[in-house]
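Per-chain numbering from 1; labels A, B, C and D assigned in written order.
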């Protein structure tokens, strides 16, 4: 495994998730970056866009697609991934890891697999279906809020314990909205501010419900989700609660057991805070029984475990590498 | 009314709410500050503690109580207000406005009045009971989260429309925790961070439930509240939702009518954000019907409408002044 | 004076300085806002752009100019003020207060007065030339960095004590760059970040040098200025130092005397911080003698004393009102 | 080299630099952490103090010193390192890397070596004296501001080009002040704030001056330094300027050549910003000729290149490892 070198291509390399993927792959022991595709930045050095990479890479963006790669990461916008694949005529042998939502769910399915563009995309949440991912050819990488909420609820769904309405609130950092300039991305507006958006109507709810229903036999109840825009750049913290007969000890036993073989999920006994996971591929969970309710706090870095880090984790699984390869990241902590 | 001058004393003037009260009263057209009491800072200029007041006042903190005042604001900690009144032997003619929680609620009452220290304290939420406040002698000033949540739910309670569980999440700025140094007040920890605390067990729930039950005939349902510590200094934003038969138009009609005579509450048609109210005495509400749920977003400045500004509003009512006197504040907006 | 009502018009009312001016004038006891002009927002309520004004005003933006005003504030961009005046054909009786840099300086002048568009514009720094402003018809309102640096150096210039090079560094909040969307205004970039710009080449140096030369007989020495973009929204803090024979006591005496009649400038004995002046029209100064150097720290709110507040201060002087009318603002402090 | 395993001990492991060192050493391919000493936290898991390490390590703090180590990192406060060494009676064979200022400079020396506690400490700035470090037994790790300023000026000193006064301003994040609770560390104070401190009198000036004088034959001129506390947690950005005869091209040639063999220093052609280096061991430099002045902007992460990362870099050199081992860190970038 030490000698294995995977040739990787990146499409949409000038955006936030593309940049984060570059930061990870440049230090990955088993990856060689074959090319970084960008229509807008073609011909320019990668470090002119991702300025922290100055001194780390001499790569240039290109607008040509090289087919001599083992894996292709699609870091383009929602809708654009499907368009790209339809136009690109790639050989089926190239594994695709798509970070958009284009192949994440499909209303009619009971399995976390979606067919599209003549390919079958396995939903890339390793804590849900690591073995299916290992066997897969193509991956639909999960959404950021969807990752944080699913990891909070998966153990309950596996035991058919989601029986009453679930309430979720969550706060996301600004990088979740990408690098586009918009009024809610303006520093003078967002600094020291907070606002909610898409209350009870966030698009990730489809993805979450589908996943939970794959695990749970009885029907998954209503999930209400209030998302907030927070005054920080990185990370997502969610609080989920539902009525439950589990005691504190039973809940800890259930979650501890479920995640015991998953290296990126940890259960915190003490109240955690978001910066414990920022700039890492970790998900941190905290469990509290309050009256009849089980409260699960979950947190991830939206650009790492919520996007590019999880994409690398999926790549590791696709190619039989150690799951943590290239993902032992120093937390920023402050 | 222009000539009326109220002599005001402040006890606990060195803390955050005391400072905010000073900022307001120094510019109030009908108030003369008789003294500012502080045990810890006695003998020092007020501007050494509240440094923004340099150039605005030559007042010194004192550890003596002058009884020649019309109104006394208690800006001391929870528990300390009761202790102070028990020890101070103040004439009953001095009106008291207590910013602590010591006289806010009493399990057995169905009215928003609490008796203690040989006095009767009217709960000082003007949008709940302005007329009672006008007739009152002493005021228990509401809590900050309690203000934001009550203003979101009062019109429903008045119409007996709180029939199913209410879910609330809210984010507060750091000044809500006062000026004490603590790990969660450390800049290096809190900057760019988010965490929840007292999930489903916040102490303001008693106060909220009592108020709503005063208004609503049928029993007020369970209220679940998830509070968050946000990475900002001022303000509280809450999202409350419950199942409701009201349509969007009916909800807007109900809330618009309820608050039409209340100068500090406005209903925003568009999605609001916290900084619209920061550094003002306003409460902003936003209504959305989503499926079967009515979602109410509410926001205030925790130190103004959530504390010292509301105290001044109550003082205005107690003394027959215009409700907005001294409270037409320039928003900071950014 | 209580009865005096000034009819004011605002041109360019949809930007940051226009909004800040509205916040001030709506609460000014002697002003009636006649109209708010905006090409981009004409026909829309003012509170849709300046959202904190919801509940405070029913004004609409207009694209028509009413000539029945006493004073017109120009809150348009640099260059656009001159263009506007050339096109608008306003009667000379309307007083103009221009917040752009179009009439602030003129290379050839030794006086802080600029002629342009058939008008004479007096440079509106009251601490420099309050009497000239009182007699003036039109005002060129100073720049924000220029205000902070000039107030740090004026007393030295008056005594011909600027004899050796002056070093200045200063940090500005994001609102100084206006509401335009740009990469350095993106929250994900600016949060927790710092960068310098226009090092030793900032355009305000012309304005500063001209003012100081008006006061000082001998030639004003070289002024080096390093501006920084800070991770905050409001305010400017500058540190200026130069070799000086003044002792600490002599410096304090000089500055105290110079500013004794100027209500918005205070000298702090202790080390100050920016938030002492945020959301006020104050300038705070701090003096330190270090070896052979006199160090002057100065700070203002860039949108208030650095723009719209100073414009109101100038209006007060133009119309014989009390200098502080409408400018006794509650600091945000946090 | 792949097989080499260095046994490392950490003294003062509960503070910020101790935590940062742990984050680095846990992922270092050639290090085994023998023990983490802390008087205050002895007996508790390391992850209770450094909460981001939950899931990464099962280490406990200890109050015992194990002597079976190859290297000992001292992460205790200024003064405490000397006290520790005097009391500890360590064998001379254990290499010491001291992060305090206790052995950084000595007024009388012309060499960057200090003798104390019966040991000789080589000043650990690899870009100054990499070969001496490789031969050293003990290291005095440089200060954070000192690192940023020295790296900005070293190439000039080497060429005897520091002939006129140098002006420096710099802004530091809050972690530079450690984890102690203090008024200037309070979130409600520091958020959105800026202030200067120790103007023209910062203690790192001794260290800087000594280093530059080691390199330059003629006397190093006066260096004026204005430090600021910034509203961010990590990083230092400094702007230094001095009169220089070098052209832009000559300066770039000089700096490019000087740093060509130093893997952590890069020269940016475009204006850089602090977040390009946050959470990395890099120093980024930018050169601008403005009139007669050469302006050098330099930036580092104060906890990494300014403290624990540089300590690891020094350890790598002491033990003949690759200089970048364990220091290829993913930037946080946002």
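One rule holds in what follows: a residue touches a chain if its C-beta (ideal position, glycine included) is under 8 Å from a C-beta of that chain, and two chains touch if they have at least 3 such contacts.
Since we're looking at a predicted model, the values are computed, not measured.
Asks: When you check each chain against chain C and chain D, which touch both of them?
Replies: A, B
Asks: Measuring between mean CA coordinates, which chain is farthest from chain B?
Replies: Chain D.
Asks: On a C-alpha centroid basis, what's the spacing between chain A and chain B, in Å?
Replies: Result: the chain centres lie 40 Å from each other.
Asks: Roughly how many whole angstrom separate the Cα centroids of chain B and chain C?
Replies: 35
Asks: Could you state the distance in Å from the CA-based centre of chain B to that of chain D?
Replies: About 47 Å separates the centre of chain B from that of chain D.
Asks: Of all the residues in chain D, which ones touch at least 2 other chains?
Replies: Only 16, 173-175, 188-189, 191-192, 231-234, 272-273, 275, 278, 334 qualify.
Asks: Show me the residue ranges of chain C that touch chain A in the complex, using the header's touch definition.
Replies: The contact residues of chain C facing chain A are 16, 174-175, 179, 181-183, 185-192, 231-233.
Asks: Using the touch definition from the top, list the residues of chain B that touch chain C in their complex.
Replies: On the chain B side, the touching residues are 16, 19-20, 23-24, 27, 48, 50-55, 173-175, 191-192, 233-234, 263, 266, 268, 270, 272-273, 275-280, 282, 284, 303, 328-334.
Asks: Report the residues of chain A in contact with chain B in the complex, numbered from low to high.
Replies: That would be residues 167, 169, 171, 173, 188-189, 191-197, 199-201, 224, 226, 228, 230-235, 237, 239, 241, 271-275, 278, 288, 290-291, 293, 295, 297, 334 of chain A.
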